[in-house]
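Quick heads-up: structures coming right below.
Each of the two complexes below includes chain A, the first together with chain B, the second together with chain C.
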Partner chain A sequence: MPTPTPIQSIVITLIQCLLVVIFVFVVVPLTVFAERKVLGHLQQRLGSTRVASGHVGVTGWMNRGMWKWGRVPVLSYWRGIPGLVADVLKLILKEDILPDKADKFVFFIAPALSMVAAVVVFAAVSFVPGVFFIFPTWFPYVGGLPVSGGIADINVGLLWILGVASVGVYGIVLAGWASNSKYPLLGGLRSAAQMVSYEVPLAISLLAPVVLSASLNFGEMSARMAIGLPFWGLVPQILGFLIYLTCGFAETNRLPFDMPEAENELVAGFHTEYSGMKFGFFYLAEYINMTVVAALASGFFLGGPWLLPFGLQGLVNPFLPAFLSWFGEPHAIFFVVKIIFLLFTYIWVRGTIPRYRYDQVMSVAWKYLIPMALFNLLLAALVRCFAV
Partner chain B sequence: MFKNEEMEINLGPQHPSTHGVLRVKLRLDGETITHCRPVIGYLHRGVEKICENQTFFQGQVWTDRMDYCSAVANNLGWAEANEKLFGITVPRRAQYIRTLLNEFNRLASHLIWLATHALDIGAMTVFLYAFREREDILDMNEAFCGSRLTTTAFRIGGLREDLPPGFEKLVKKFLAKFPTCIEEYENLLSENRIWKKRTIGVAKLSAEDAIAMGVTGPVLRAAGVPYDIRKAFPYAAYAEMDFEVPTRTEADTYARYLVRMAEMRQSARIIQQCMDGMPEGPVMAKLPKIMRAEVNEVYHATEAPKGEIGYYLVGEKGSGNPYRFHVRAPGFINLQSLPKMAEGGLIADIVAAIGTLDIVLGEIDR
Partner chain C sequence: MEHPLETIGRNMFAIFGVLALCGAAFVVASKSAVHSVIGFLFAMLCIAGCFLSLEAEFLGMAQILVYAGGIVVLFLFVVMLVEMSKKTEKTVFQLQSRYAVVAVMFGAAAFVGVFRKVIFGVASPDALVLRPELTQGLSVARQNAQALSRGLFSDFLLPFEILSVILLVALVGAVVLAKTERV
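And then the complex of A and B:
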């Protein structure tokens, strides 16, 4: 395999960045779409699971072609697409209002900050260990060169992820402050307190996989957790997984922890004064953050790109027929499937349970999650000492 | 170096959880409410004064538009107050149909309360489930009187028309599925840890305070006072109905939730009894073409879903319209207790308190 020149490797990295951005901007609208549809089915809504044009556009074409089969649930997945299109158009077309008394620069920079912080985390996420694919030799300039499964193979990847993710808080706090309005201020204060509190148990719960895998590199961690431990490490780390997921809900401001934007209390929380695409950035950032949290959870606790649990990969592989051998190998697609399952969980929870009160949110973090996370860390250390 | 200052904030008049155009002036210490004053009047139309310039028949249309979530209950109060004023006896069948529709209305109103209250606390799914069942009730309203929300269901002296054909089937279908629907809501909420944390011990109002402020309805019953006008001073056909008045003693938001859920079950029972014991006969009493009042005054109270709705009417000799008309609106009186409930709590609690009071601004501002 030829070694890339420095310029070639920069080009490859840029291509990787592009792929990740494409991934993000495909997954996020699909999540929004799925949120409409899953909630629509959970809540028996009449619109979001049915709306589709009968005459014009893509849905019209599909309806004309398949109106008979469209009643079969599997074939009616496109139903609801106009809602998604309208959603995106609304974000783009709405007037961008700048409040008179807002701090203009900070008001402008806040949505960008939370968006950037959310996307940049993906730099350290490894979708698949080793080589993702090799450019075919006819490809100009970078032909024959391998592309690895993650953008940056940082040996302290987890620190990078946690560090950058916490920058996202600034976006929310600054948005709340810069709006110069009372509800956003309350939302910003809430989010500052909440996200800082939840980062503690979140980090501690992620320390357990670090202890178990003796690494801070995302790819190595997920590989060791997936292969070396029973059931992707989910069995010894079930407590850690639940704590992590809870904190993940809080960090991404989703129900039951959506304090910063609790719409029935604070109107829209920190983004009350935002409209148009600036609001769209917060919206996107929230969904990208959800994807990030899901990616970390599936990487550390759900076996990442490995499909087979129980440490069976090595055992089963020799017996698999050749055409099924991909089954035992890591694939980015398995990783993405797990992310999608966790994203579904987000929506599922949103459709089921009410919202905590602010003080209760804080007491959950400090009184229950942190001690439990510490206990879990102790467990992981014991497993590390005596079992692995 | 650090200044500790209270923040003054307006909850409303445009706010997702003030149920219309209620404005609450809050003073906050952090997130704790130190001072709370409701400001009302944004929906004032002068209903009482308008009714004084209309005939007795026309006035009913305005009662729909007070508490638009329980229009039928308002209609019933107005019709009965007028019947009291003129000394009209309503046929028994009309009484039964009135009771039936009134209980359906109680269900619809309680479902709206459940929907919005749950949504305020963040349980979005219950909101849509409750609206699904309410839709069936509105369909029945439509079948009976042609309109869904502002029903003008009754007439002074009885009903405009008998029940439409096929109404019984609608009711049967509804009663067959409604108990499972209530169970569905309760499965989502009653034992939900978060729901309990958000409602138990929140927005307390003791029986003494409630009585001192004239609070009625489920809020009073959740404080342990079994005062229900349907039992205390029976009207329509309630004297012949067998039902219980659910009470709780905790006097908090959760108790009010339980009381209203139990009330929904009782309403379904009353509806069943109305259907079973529905007498035959005319539905309208004989009335003169133009009603001319004597010098007379009445106060007639009925149990609306939100509490005691009282109509005070003064007749003038020979006049076709009331000399004075006043409504004792349950929401208006109940809203007084909001500062008592909310002060000392958090912002999230005042949202729960507004939800649990089940206010409709159309009736408060009139």
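And then the complex of A and C:
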């Protein structure tokens, strides 16, 4: 296998970045669409499960047949798509209003900060161990060279992820301040307090995988957590997953922890004064953050690119018959499927659980989640000490 | 003849250093305190970049995590809540500027005096190590984090613990100061 020159490796890294951005911009609109559909079904919202583009196309023709036949159409997967298209068009075409008294520089930089902090996390995420694919030899300039499964699988990957995610707070705080208005400021402050609080149990719950796998590298961690743990490693993994997921909901400001934009208390929170594509950036950043949290949860707890979650793969693999060995190997598709399932869980929870009060949110973090995360860390240390 | 991109790669430290200085200059020169905090954040991130270019990746990440993610957020909170009057400063430099200029010049002279050899002289081939026998274990470590944790939790455990006790004292002091009004 030829070794790339520095310039070629830069080109390959740029291609990887492009692939990740494409992945993100495919997943995010699909998540928005799925959110409309799933919430529509969960809460009997009429629009998003029924609006369709009329009677065009094959599905339209078949649906028309179904209605005539006196049945509700089964082929309604794409119903609600016009709503999504209208939403995106509105974001792009709407006038970009700048409040008179706003601080222009900060008002402009805040959405960019949230967006960048959300996307850059993916640099340290490794989608599949080793080589992802090899460029075919006819490919110009980089033909025949391997592309690894992560952009930069650095040995402090977890710290990079936590550090950059903590920079994301600035977007919200600065947006609240720059709008120069009451509700955005309150929303921004509340959200900053919430995110700073939930970062503590989040980081502690991620320490359990660090202790169990003795590494800070994303790829190594997910590999050890998936196939390198003894049976007792299950307990801290499952408990840690639940704690991590709860904190992840709070970190991404999703229901039941969507304090920053609690509509009936704060209008729309920190982005009250934002419109057009600046608001669109906050919107995108929220969904990218959801994807990031889902990627970390599936990487550290759900086995990453291996099929079975919670380290079960390592227990099952020795007994796997030869014709099923494809399922014992890591594949990027498993990783993506887990991310998509967790994104569905986000929507599921949003449709099910009502919002907490603000003091309840804080007491959940400080009185319950932090002690539980510490206990989980202790369990992980015991497993590491006696069972590995 | 090396490619210009390779030259850039070799000089990452200088690039990040200059960017950090630009951020620091922005902190001093900007009229709004919140803008200063943003410049400070930028400078902190660039210093993390400097650490990374020196292959001190753990230190770089700790820089982002602790300074950019924690301390500057607190700065921002204080500045935001204090600066509610939205009164921006009329002049860039304040009344104390005369004394400040003298102090800065004195500091710069002292800096050049102390670091004259470092800046203009030839670098020493060996790192200065106070206790060479302790560094034997560090060469086993595969990563920054391992070397650092070995240093902190086995070789220099007592100084580390004493430092954390000092931090605890500061913490208790802060709680006492904040509590007295209410009692």
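What we mean here is this: the second predicted complex is superposed on the first by the 342 of 388 C-alpha atoms of A that agree within 3 Å, B and C clash if a C-alpha of one lies under 4 Å from a C-alpha of the other, contacts with A are read in each partner's own complex, and residues count from 1 in each chain.
Simple rule for what comes next: a residue touches a chain if its C-beta (ideal position, glycine included) is under 8 Å from a C-beta of that chain, and two chains touch if they have at least 3 such contacts.
All of these numbers come straight from a predicted model, not from anything done at the bench.
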Tell me the contact category for A:Pro354 with respect to chain B and chain C: first, second, both or neither. first
Regarding the shared-chain residue A:Ala86, is it in contact with chain B (first), chain C (second), both, or neither?
neither
Once the shared chain is lined up, is A:Leu42 touching chain B (first), chain C (second), both, or neither of them? first
Q) So, does A:Leu186 touch the first partner chain B, the second partner chain C, both, or neither? A) first
Per the contact definition in the header, classify A:Leu255: touching chain B only (first), chain C only (second), both, or neither.
first
**OP:** Kindly classify A:Asn155 by the partners it touches after superposition: chain B alone (first), chain C alone (second), both, or neither?
**Re:** second
Given the complex, residues on chain A that touch chain B span 39, 42-45, 182-183, 186, 190, 255-256, 258, 262-267, 350-360
Chain A contacts chain C in the complex at 6-7, 10, 103, 105-106, 109, 154-156, 159-160, 162-164, 166-167, 169-170, 173-174, 177-178, 180, 185, 189, 192, 196, 199, 216
In their shared complex, chain A is touched by residues of chain B numbered 7, 9, 15-17, 31, 118-125, 127-129, 132, 188-189, 192, 194-195, 197-198, 346-349, 351
Touching chain A in the complex, chain C uses residues 3, 5-6, 9, 32, 34-35, 38, 41, 45, 57-58, 60-62, 64-65, 68-70, 73, 76-77, 80, 86, 142-145
